[in-house]
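Chain naming follows the written order as A, B, C, D, E and F, and within any one chain the residues start at number 1.
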């Protein structure tokens, strides 16, 4: 089992979710984050001061998958989020030692989906 | 050492924290997330439009534990969060390679608690 | 590759970022969390009621690094965040199985930086 | 004869009092609750603005101010505002249209039950709240209003002075709020878990708008753009400021820091307390009343409530009930005929009788409000139930009572 | 002769109407959009307050109210408020300075194009919006205003009654909003993806401030602090309350729960609908109008829009277009000379003629607004384009049109 | 003789000016700071509303407007509003109660020190702020107010015109703000780290409420519901609109996009600038003044401040100091006796003398404010210290000064 963590542009979330749905990957957890990467901060201007804050709003996607789903998950994320421009984000894959469904107490691969 | 990540119904957080306290697991980190699972979005209605947004507010709990605490942690979470209805959430367990207490620089098992 | 997760005092973020910059570690992801640790909640008082909520605002830093950067990353975080007082936070290190740059599809160590 | 200046001034005052309920009270209360209940809390104020506006026009005004029946209630001869014309009714106001008096009073009828909602925030069923408020307005507010302000009302007849609603508005709602808090029971988690205000800036916004609107409430109650209105305006502003400073000073001394919530609460306490006195007292007396308001309401909210551990969630009793009570009695102490010839002298100005009348009014309103509120809640509990169930309370009332949420999470 | 009471009352009313546009409408609309577009939405209201204030002083007032040319437009002899002095102009108001009438009317000219912005929220280019609004105000609002309210205006001459702007303000903007919604096309994702309001408390704040300001809008339109103003005040408040209750009742029955958004929308619908009738109808008629407003606007917003799937993002058409239309026709039914001697009787009071005139006004304003709005949008589309590009829409208009963001994320 | 219309109008105007401080200024400033400091910033405005209300009643009014002593200060014979009755005082206003004049002026005394707080946001100790404000109000505001507006005041005697407080309110506070910014030093991180406004919608809410309240400020300063009030109303609205448009136009040209913050700041700059001139100039002059306000304040805020790198956190100097200065001088240029017979002609209308008097007033107020503010800060620094310590600044003032936080994090 793997835990996939992806950092995306906020406005790409919908497209990524659609691409995941197409591959029947429905379960996921989303949160707000601020990213600092190669992308220069979208410069905002307040009373003439350019706030090149290099912390940019991003969305963090967390998806636990069985190994066979890893490839499609990564593909879907790339499909939905890639623009080819700096700031597209990253995907991190971690080994998942265990997964438990709270409702039933089931563990392992069956609990993931 | 393990890193336990649990996704819970927001309103179950208090009960889970109480169950953890009973097992003397006090340290944790909490954040807001939106979950997309089997649970159908709590349908909201805005001017007659049913917003079945399937992203539902959840709470994310992160607890680093020594291996011997893994079992009680999982139990406590299940005890506090389980209703038996869809939407109860998941627990993910990851292998934790290292843990460092910033205050003292201590590492490993002693740094976790 | 490692995934470093650090929980910091919110107001130490700037100092940590500066220390990371000095070590040429620029890429990171930041989010808001609430921490529950040894630190007693900063007591707030509302109409005479002391709300010793033991959930305290913290900042969560996520940095994926190649192994050779692990040491400097941890050092930088400690340098920026350490006050020696309770509440300084923790650093968790996880094994990172894979890293993919969405923009290019590159994987592994080259995708991290 | 109709006087244009008075008409314009009371029209604007009515608008200001409307603003007090929503967004004023809606934000004051809404900021204090948890995120998951903010809409349901604000909704209670907004809904009452709608509901009571209609009740008042249909029959509420007639019950409260209509031709007297046995000194206890108005007759139904003014229902639907029948006979309430654009000519003045000298019983109430000789210089503005009778219909304007009715609509100015409407805004008082609107805000009074809204004040109570502070006691049952975060746990009451919406349907039960709506039914309770309608019945309470009809069976408590309208009669009490008649007794104190209605032509022929028995408390008025014995000489009770209540300039802008210390007994009619604040005492009646505050005492009823206490009954509600006791009968509904505490919120889950109270008082063990922290329930901090989810948005203190809303609280400050609400308190400031209340202060602003209160100029319409108190100065407007002169029903004329004259010196009395000016006097009430100054007394109001002074008591609010002094009570807020008093509250913050106590905090500063006892807890080390003055708080924004303390300042806001103190100001509202000062405003509630000065209300019955505002048209009868000097600026110096207003200061003393402000100090009393700050000290006594602080004690009620911080010590008494915590000792007795009832859950008056937003302190409707501690602020409005206690404030109304002190204010009514203080009127019996500080009132001066030189400020308002239509009033009377209080104890400190040589007339002990007034204090007696004021005490009677307090006693009567307290007892009547307790009994009726108790009976109404019992009744509604049988028919509809009072509280949402545990699951709904945990999930929050915004979702479970209104299928909405106040804020989205993703940016 | 100048009358101080009327002058003071209209000054305050003008201030109240200003408040309606910003923060009133700004927050009502701003709360409804997504986080990434809130500033751009609020900016549209605020910017129009600035832009139209200047347009009106420079030439708008002269076009709308200046000496009549052929019953269709005012001459330019009052540009820069030349000849608009502190003496009254008896054509419009015999008891207040002419300049005050001009500035009171200014606030109406400000809010009308701001209402339209509800239709193109979240996708229109700022420059195109600004140009459109300026042209629309000049070519649609100013002439329509002249027809209905200008001395010599042809709709006024045939006896059309529009007390505070049912046709001039709400119908013209609401219908134009529909054209905008159709020509701009839907927001990306609509109607398949959920687009919930990002901050419902802002919606309630905005709606409450609109209600408050509407007292200046409608009662102020009496242009005097007199019984007529009182009558309009009561009709306004009553219709708002009844329409909100009606809307919530429908929701309660059909969807199981009354909502805050329903209450707020219903109130605004009631306010828009009563506007043309407010100075001509009894409180009983106001109730009926409120019920109609609630039911018909609800249907328009919930059923019609969803059936036709145009994206009138914030329901400017469903609320203001439909509300204005019903209100104009209802005036033809419910108007009474006993309420306002300067008015006329409607159908239900024995005069069918008025309804005819009202219907003509509705027809004319609808057709004219559609044609002109269509032409203006076509023109601007050629010159500047109407919509931001897809990428900009995804990122949000706050960033792409104003280089700002409304909220920071880290604490 | 007391006039009801004037009394009603000034009562409402006083309420509007109260609204400017809180929530108006509280939200304008509060939205601009970081999340962790929003309450402490709002608290400063709210607290001053309380503190100065009391100071003014106790002795402030007497110092500022009491019987003249040597042209420099009022005597203490009106302390506690003694001798300030409901009869008019013809020295100040012949048609409203003297006490109403006092309370209207109170609201000016409240907002003036609140304007200064923009300079020390996010770093000043609460106790030091409170002490400073009390002393500043007493030693700077009260005397300056006496010089310019007090009967017998020396600047008034030489013919200085300041309709609603360009020198008394904006210049005095703005210049003092600059001194505060310099003496407190910069916030940690400024100007290297980004310190974006944490809630721009609050900024817009605050700016809109300021605009609204400013009608009471400027039109109310006519102290009568007459043509002069109307004239001031129009000048105020026009200058605000034009200055906002100017500011946004500069941004549009120079930075590619007009911003919401630019619009809001420009409007406030226009309002501050027109203040002294509002009762003396034509609508055309108001436009020119608005353009000047937009251009000069923009330069001060964007270029001068950044060049000199002092940290006037919320631009109290750039907006109010510069705006007040331009406005005072512009009054010397554009004033016209035909607009206000009690005024004078300015340079452009044939009278160079006025400009001289205005320049003297500017010079005197600038020098006096700088000296006194400097001395007060030095003193307070010795006694209490001015700034919170570094740790407290990092954690934020809400926690460290008030033990509160504005928003909860979990839903």
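In this text, contacts are C-beta pairs under 8 Å (C-beta built on N, C-alpha and C of every residue); 3 or more make two chains touch, one makes a residue touch a chain.
What you are looking at is a predicted structure, and each value in this text was computed from that prediction instead of being measured.
Contacts with subunit C and subunit D are shared by A, B, E, F.
Looking at which of A-D and C-F shares more C-beta pairs in contact, the answer is the pair C-F. Where subunit A touches subunit B, the two copies mostly use different residue numbers: shared numbers make up under half of all numbers in play. Computed centre separation for the pair subunit B/subunit E is 49 angstrom, with centres defined by C-alpha atoms. If you average the Cα atoms of subunit C and of subunit E, the two centres end up 51 Å apart. Subunit B and subunit C have centres, each the mean of its CA atoms, that are 19 Å apart.
Counting partner chains per residue, subunit C has residues 10, 30-32, 34, 44-46, 55, 57, 94-95 touching two or more of them. Touching two or more other chains at once are residues 3-5, 8, 12, 36, 196-197, 255, 257, 259, 261, 403-405, 407, 409-411 of subunit D. Chain contacts in this assembly form a complete graph, since each chain touches every other chain. Of all residues in subunit A, only 10, 13, 30, 32, 57, 59 touch subunit D in the complex they form. Residues 10-12, 14, 32, 34, 42-46, 55, 57 of subunit C touch subunit F in their complex.
Per the touch definition, subunit A reaches subunit B in the complex via residues 3, 17, 26-32, 62, 64, 94-103, 105, 111-112.
Across the interface of their complex, subunit B is touched by residues 409-411 of subunit F. The touching residues of subunit D, counted against subunit B in their complex, run 36, 189, 193, 394-396, 399, 403-405, 409-410.
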